[in-house]
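Heads up, the next two complexes both have chain A, just with different partners, chain B and then chain C.
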Partner chain A sequence: MRRSVVALARRALVNALRKPQFLAPLVIFPSLFLAINVGGLGATRELEGFPAVDGFLDYQLAAAILQSLLLGGVSAGIAVALDIEGGFFDRLVASPTPRVAIVLGRVLAASVIAAIQVVYFLVLGLIFGASIKGGALGVLCVLAIGVVAGTGFGAIGVLIALRARSASTVQGIFPLVFVVLFISSAFFPLELLSAPADVIARYNPLSFIADGMRQPIAFSNEALPVLEGLLTATAIAATAIGLSILALRGRLRDA
Partner chain B sequence: MLVTLLRPTGGHARVAGFDVAAQPAQVRRRIGVALQEAALDPLMTGSELIELQATLHAIAPRSVRSRGAELIERVGLTAAAARRVGTYSGGMRRRLDLAMALIHEPEVLFLDEPTTGLDPTSRLTLWAEVRRLRDEGTTVFLTTQYLEEADQLADRLGIIADGRIVAEGTPASLKAEVGRPHLDLVLAKGSDLQGARELVTRFGDHRPVTEGCHLSIALEHGAADIAPILRALDDAGFAVAELELKQPTLDDVFLQKTGEHLEGADDHGAQAERMPLPEAQAETV
Partner chain C sequence: MKAGLRTVGALMRRGLNEILRVPGGAVPGVLAPTIFMLGLAAVFGKAASLEGYGGVSFLAFILPVGMLQGAGFTGAATGVNLARDIERGWFDRMLLAPAPRPLLLAGVVASASLRALLPASFLLIVALAFGVDWPGLLGLSLAAVLVMGLAAAMACYATLVALRFRTQQAAPLMQIGSFVAVLFTTAYAPRELLAGWLRAIADVNPVTHVLEGVRQGFVGDVTWAATWPALVSVAGLVLLFGALAVRGMRRQGI
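Take a look at the complex of A and B:
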């Protein structure tokens, strides 16, 4: 099964590299959003309740990474839906490779792409003056949370694609991603959000992931937020992968 | 259902000795499948795709390259192997699809309308490969809407109409079932067609069908009837411009077995518009 997972992940990565319209939006769009936010909303730092940070870019970097990872999940879902629509998925299913490998191959590719996304934004941040307070260990923390979260979002994309079987439907969840992201603490601290957004954001899993990545970048390697972020991302990934495998089995039953 | 993509809602089917519902994994290990649309990833090269297929079929890593190259060569795609599949023609895609289905030397090969949309050269190449596979001992299960293709390739053939098998047997036995060969005649212009019709009717239980200068006669004793009919026509002064002996075809079998029913028409034969005929399926063993 390991060979099948690696081969399918490799195929997904090769496809992503050969079709720039899949990969480019994952970094370009959040980069532009980051530039606009940092350029136009920097004064937010002066508001009461905003934590003391060296720069607004330091604070926003985690939001940009999270946004990019969520888009990566949408992209993974679209790729699977296109495979289903084009019939390639039937070829995979008609082969003797275990069903789990089909899901894990795509999810592994999402993990690799997530690592690239995290590194890209950290480098971008450093180029434009951000500093990573946690140092090398902090980078590893951000990378760990980012990769696990990207894996989970990729699995959610796969899950939706297996249920919807249509690329346009998966594309349709794109606005929803932004709604969920904006009612989290990704862009602004909970203290600056009004009710009921602050209540929702307090329990929004994306808040834990954003705060977990932000802590080593903007503040320190304090363990609690990092662990909360990592655990939340792991829970999302494990749940989504499990549900995706069940959805694939269900798809075969219902087809 | 036979390739385990759909779960049967009822009944039983065994492929290569295994139940498709209860033992789908065993079935998948023993079958090769080339689906109707030649669903290939356009962004990958031919070599990459066939090597992926080899890996999915658990071919030993050291053999993946050589086995892939061997099959690519067999289907005549060596020169295009490094190109992305998106640049392939329809015929090239079909051949790659076939090569991928053969990567693990399956006991049973399913080909779903493998020549649909192909040019005549590609079609003949694919037919030759199907015959070769059959001769090598592979069971080929082929579905087609081209009855000529079924006639050419099938050792055993089944016709499905409205989801049910309405005829099954060898092409020869099925054709024999639908009846006698026909003699098609074209008389010279200005001939008394009614007189000619009455003349050939005298040859027994023949049922001549006339259309323009054409006369079609069902021959009770096959080719042996031709000479007497021609002699009688000649003696009566009829000039025959063309003649053709037509053996029953699978088209005749299909039309008889399916009742010439047009898909979408009502039970009383309303045929306001022509629709595609139901799908025929042929199986070669």
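Take a look at the complex of A and C:
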């Protein structure tokens, strides 16, 4: 079982690295957004209610990471859908590979890519003048929340692909990623969001994940936001992986 | 001359037919800028209370950005469609036609210009529904001209990329061009509120003038001082990318 998961994860990673056109948007678009947000809206730090931070980049870094991780989920879903469309999935099912490994292999690959994404943005932030207030422990906290959240988003992508079975349908959820992100506190403090986004953002799980990653970057290693972020990410990952395995079983039953 | 116009008209109709026959294909180009516009207004709306925005709502400030993003997406989609035609061999058959290459390009680009009005109109309706002031007939007409012009320029750019790479996989390269061109301007904030490095880029980016030209009717009065740089910039972009795209078309099949 473990060998199958690792082998399938390795295949997914090699495939992703062979097609940089799928991987590049995961970091290029959020990096550009980060640059534009920081360069264009840095003056909003003067607004009443905006927390005291050293720089707007410190504040926006968590949003860029989260955006990138969500796009990673879409990318994982597209990869699974392409496997289904191309017939690889059927060949895999016909082989003696444990069923659960099919899901877990892809999810493990999403975790590795998520770690790369988090490290990329932290390094980018440091290069352009951000500081990580939580130090080395803070970096570990961000990495932990990011990897678990990325795992969850990857599993959601797999779940959608198993249900939709079409890459174009999975691609179609791309705008929804931004909808969900915009109605969270990822980009701006909750208190400064306009209605009704502020009310929705209060209960949006992405708000907890963003705030959990932002806390060690922009403020301190205060335990509560970090734990809330980690727990939310874990809950998303566990639920999405469980549902993906159920979706796979359902798909095999239908076949 | 008449035959040339017929060729351009036929290619325009072919481009526009896609909206009628594959309406789902036009949805992302309309939906994405709408989501961005409403999302940004919901998230950063309070930024408009900063001095420099002139008391206008953030939605009114950001609406022209959405319109130009829609034009950019439409232009990029033209390149993706051309790449698809190249992959399927339809483009090679088109090159065999006894029509000059610039006319073939003109047809494709003209359809992009017209198609760009679809997201722009939708965004305008949504923005008006959310309380943005009517820009006046002059402001609206100017916005339409500039949106169509930018879509034409971006279609030429995307055509250039499609002819170079000859695959739909180059789509991100086509999209990123318009994305950068539109957002590295005074898109989110007035010039005086931008960070120094972004202000420097916005100052040399011709799309800044185009954006300010579209924006003026929504945030105040239309003035000649803001209009002529916008028209000159968009004309310059169309000429530059048009010339490069014509050069690319002429090199095909040699």
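We take it that the second predicted complex is superposed on the first by the 255 of 255 C-alpha atoms of A that agree within 3 Å, B and C clash if a C-alpha of one lies under 4 Å from a C-alpha of the other, contacts with A are read in each partner's own complex, and residues count from 1 in each chain.
Here is the rule we go by: contacts are C-beta pairs under 8 Å (C-beta built on N, C-alpha and C of every residue); 3 or more make two chains touch, one makes a residue touch a chain.
Note that the structure is a prediction, hence the values are computed from the model and not measured.
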### Task
Check the residue A:Leu92 against both partner chains and state whether it touches chain B (first), chain C (second), both, or neither.
first
### Message
Quick one: is A:Leu192 in contact with chain B, with chain C, with both, or with neither? Answer first, second, both or neither.
### Response
second
### Message
Going by the contact rule set out at the top, does A:Arg11 touch chain B (first), chain C (second), both, or neither?
### Response
first
### Summary
In this superposition, the partner of chain A with more touched residues, chain B or chain C, is C
### Task
Classify the contacts of A:Pro25 with the two partner chains as first (chain B alone), second (chain C alone), both, or neither.
second
### Query
Who does A:Arg3 touch here: chain B (first), chain C (second), both, or neither?
first
### Message
For A:Val179 in the superposed arrangement: first (chain B), second (chain C), both or neither?
### Response
second
### Query
Touching A:Ala43 in the superposition: chain B (first), chain C (second), both, neither?
second
### Task
Could you tell me which stretches of chain A are touched by chain B in one complex and by chain C in the other?
none
### Task
Using the touch definition up top, name the residues of chain A that touch chain B in the complex.
3-4, 7-8, 11, 14-15, 18-19, 83, 86-88, 90-97, 252-253, 255
### Query
Can you list the chain C residues touching chain A in their complex?
28, 31-32, 35-36, 38-47, 49-50, 52, 169, 172, 176, 179-180, 183-184, 187-189, 193-195, 197-198
## Note on the structure
Listed in rising order, chain B residues that touch chain A in their complex are 3-7, 25, 28-29, 31, 33, 35, 37, 39-41, 43-44, 48, 52-53, 55-58, 61, 84, 100
### Query
Which of the residues in chain A come into contact with chain C in the complex?
21, 24-25, 28-29, 32, 35-44, 46-47, 172, 174-175, 178-179, 181-183, 187-188, 192-194, 197
